[in-house]
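Okay, so chain A shows up in both of these, paired with chain B first and chain C after.
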Partner chain A sequence: MMYLAKPSLWRIVKAQYAFKLKAHIGVFASLVAVNLLGIALSLSFSSQFGISMGQIWLSMRSISNEAVLWVTVLWAFVVAVLLTTKDYSDLDFTFVSNCISHNLSNAVLLITWSIAAGTFAALGAVLLRLVAFFVFPDDAIVAQNVFLAPLELVVGAAVSSMYMLLAGCIGYLGGKLMQAGSLLALLTPLFALAFAMLGGGGEDVLRGVQSITGFIMHETSLLLFVAKSLGTAGLIFGLAFLLSHDTEVKRQ
Partner chain B sequence: MIVLWLLGLAWFGLTVYAVGKLGVSVTRQHLQWLLIGHLITLLVSPFALHLLPTERFAPIVDAATLSDARVANRELLQSALRGRPSSVTGVHRTREWRFPMSGLALTVIGAVPQLPVVIEHKTGRDGIVEVALYRTPSIQDMVDISRQIPLPVELSFSVNALTVVQPVARGAHFLRFSPDAPAQALLLALEPQGVLPSVSLRGAQVLYIRIPANVEIKDPDPSLLFVDREGP
Partner chain C sequence: MKAIECIGLNKVYGENVAVDSLSLVVEHNKMTGIIGPNGAGKTTLLKLIAGFLKATAGEMRVFGEAPFNNLRVSANAIFIDDRMVFPSSLCLDDICRMAARVYANWDHKLARGLLDYFALNPKLCHAHLSRGQKSTVNAILGLAAHCPLTIFDEPTLGMDVGVRRDFYRALLKDYMQHPRSILFSSHMLLEVEDILEDIVLLKDGYKVLHLPLPQLTEYAVGLAGNSDALCALTENREVLHTRQISSCFSYVVIKNDLKRGDLQQAQLSGVDITAVPAADLCVYLTEQRKGGIDDVFSQTKSVANR
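Up next is the complex of A and B:
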């Protein structure tokens, strides 16, 4: 191979990452839309109960920011799947590229999007409270959990970012599976279903899934939570990397 | 809420229609402005939250306040009958009225369920009927809802007749936010918080009327109570 300057892998990854980040600015616009949708869903599907206190009827509406979080998690999954599609991966041909630089730049891109999505989801909880104040003007606000402490916001953003990263990595693996061959993509859920039916029924699979998610989600130490999340995300991404490692550049 | 959704959909539809009709294309710059605008909104909202009027907040009470409220609930009537309705911790005088009267007989009309009316003779003969409503806190799930519950009585005074009117019962609506979902498990481990006990305490009330020493109650209703300073 002839070249004027020796290309460094990290320089290529950096250039690819910067280019993809700028090229996919629409992804951030969709994140804004998803954030607002999550807030609207949280306000719409708030739980409500009422009690009678003598002649006075009290109603208590409870609003949670879970919808904001899970809608954003879904966004992270979909965006990661899209990242493996041809339209997105063709951008790599703008640069000298191989499958390592392609996957590494995608990994950094996913991390960036996850941090942005996690921060948006955490701050969305505050915006939700602000919007609720005006959407329900006749309601008295219970002075609890209204103001989120800076620590709560930081931890919320960190935890949400980890959820986004996990969802992103799963989506990326799914996309790579589909890319590796439609047969494999078709067979994987069939194998899972067959395993569930033959190996003791769906309850075992459900229990297995719950123990895997519980392994991460029920962690009470922030450091361990981050370590477990990053480890799992790395493992899933490693699988996706292995799947595309032997494919030609044009098929990545 | 449905109206808001419909408005949102209409706004979205109109925007799409206008963009299509005017041939406006969404440029990178538009997207950047959208992103920056939303980011600023998100970053400003924690500070904006602190600027909201606090009148709409229903405070959370602690165990000591709840205990005081329970005692006050029990003791209010007894202390009123001793002529000292505000001597118990947790009792608040929520409203006062003053009516000038001429004549030596006062008629008290109307009876409101669960509202004892206690009458005290003042030492002076100032020709003023003083009425005060005392109440103890109403607490639901450790939330002090006293301020949001409408006052149960209205008073009118004419021709030496004091009429107690019970207004139409209204509802009170509350909004409660759940803790930040993703951070909850980790923060609870750092700083354990108890679950708010399900307590329902309806505050007690007393309408306390002070009449001049030379005024008598005309045809007193059996439900009217009189201060007994010699009592226990």
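Up next is the complex of A and C:
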């Protein structure tokens, strides 16, 4: 008689992670495309103003790499939502899986994609400087923050990765809610927020939202920032995990 | 050892009862056919066994454990159907490698041998194959996984006749070398009756019967002869199927419980007694249509003549 296999959860999670990383290799191509788009946006939305002082006409152009960061954050959100769609999630259940291994391997996948996206966003900032130098060859570089020290680049990548992870976890939670058919559950907090704002409590709500985002975004210590981001991402992912723990696999 | 045991199993989708108070015991190391017409609940039952779906009511055990969301059951079972989707970035070799990592009994030599036999290059992408080729690859995965519980849900959809025949032969050979529990759903019993040991016949989500195949072939008899003689013979008996052959000649299928006296009566009134092929019997036991397809045409004709 054939013996019954006793699977190890970690072995299955590792196998699913490696399988999905290869299966969804295309996300990296979209990441590069999104970064290039961010650079193009940064250059086209560079703010320019001029001052005239007698015979001298001084024109200043200020370029910010925020657009690169925000489009990449959007990318992280979208790929996380995609990860929860039927075709993507059915892939695990083609072979050996349960909800725990499925969600754990997705968590590791999101972390990997976030680190890649954070690194790309940081490198995008370097590329933006380089491209700006060639696009505007006649301009003199006068501002600070043009030259990035390697350590700054690493810190930038780490901070960006945390933003990507947070966006990814929010996308994952939203996707899981939609998959569970709880569009209502997804819209309720948004409606509640809108009603509170319409009801005259606009400033209070805004202050509340600011204090939540400020809790992470205004943190000056890198270690605390990473800890706070990981904690929040973990909480959001945990919620998605609890919501989807009992879901059926349709495969239809 | 019991591979599958379910008691009073129910699965309801909204208003639709897909599986209705189903109780079933499948012994380990048996090749069982799950047979029934479209909408009989075959796929739902198989998905409940594989642990994809959660029963609305009742109890289900696979190798002694509740299968839903169970990693141990999942590691010992494989579910093959024509809806298996793999991203276009994966070639057949990648898919086989993944299966090898998660299935303890994976037979890589067999997988490569079968891919080679069916002229499927391991570097080909699953998403780019034709429907029949996809079914063939899926079936190969099901065979090579050597899972203690192997579930094939209509695995031959889209396959050529030749490929289907080869697949049945491969399944039988592999089963003989590596006995295991195999569930095979099909709505065409005729094709698969040579390889099946037991039959579970479903209709509208409930179990009509669960019998070894030899018993199924002896379950009913067909009587052909004069309609009046047949009427007398089948009085107070459950008629499973009836067909008017000509104005005074009919064919009737009844349960095989004729006594010696009945046989003599049949012989005297010129009624022919024949065996009923298992595939035909399954159709008779699950048919929902009234009369035969010929009735539709005769009714249309009589309306036109009026």
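By our rule, the second predicted complex is superposed on the first by the 226 of 252 C-alpha atoms of A that agree within 3 Å, B and C clash if a C-alpha of one lies under 4 Å from a C-alpha of the other, contacts with A are read in each partner's own complex, and residues count from 1 in each chain.
The working rule: a residue touches a chain if its C-beta (ideal position, glycine included) is under 8 Å from a C-beta of that chain, and two chains touch if they have at least 3 such contacts.
Keep in mind that what you see is a predicted model, and the values were worked out from it rather than measured.
Undergrad: Return the chain, chain B or chain C, that is in touch with more residues of chain A.
TA: Here the partner covering more residues of chain A is B.
Undergrad: Going by the contact rule set out at the top, does A:Ser97 touch chain B (first), chain C (second), both, or neither?
TA: Touch partner of A:Ser97: chain C, not chain B.
Undergrad: Can A:Gly26 be said to touch chain B (first), chain C (second), both, or neither?
TA: The answer is both, since A:Gly26 touches chain B and chain C.
Undergrad: Name the residues of chain A shared by its contacts with chain B and its contacts with chain C.
TA: On chain A, the residues that contact chain B in one structure and chain C in the other are 25-26.
Undergrad: For the complex, give me every residue of chain B touching chain A.
TA: Touching chain A: residues 1, 4-5, 8, 28, 31-32, 34-35, 38, 41-43, 45-46, 48-50, 52, 56-60, 114, 138, 140-141, 143, 145, 147-150, 152, 169-183, 185-189, 196, 200, 202 of chain B.
Undergrad: Looking at the complex, which residues from chain A come into contact with chain C?
TA: Residues in contact with chain C: 1-7, 9, 11-12, 15, 18-19, 22-26, 87, 90-91, 93-101, 245-246, 248-252.
Undergrad: Name, in rising order, each residue of chain C that touches chain A in their complex.
TA: Touching chain A from chain C are residues 1, 28-29, 47, 51-54, 63, 68-72, 74-76, 78-79, 81, 83-87, 89-90, 94, 98-99, 101-105, 146, 148, 178-180.
Undergrad: Could you pull out which chain A residues touch chain B in their complex?
TA: Against chain B, chain A makes touches at 25-26, 28-29, 32, 35-36, 40, 43-44, 51, 53-66, 69, 119-127, 129-130, 132-133, 135-136, 138-148, 151-153, 155-156, 159-160, 163, 217-222, 225.
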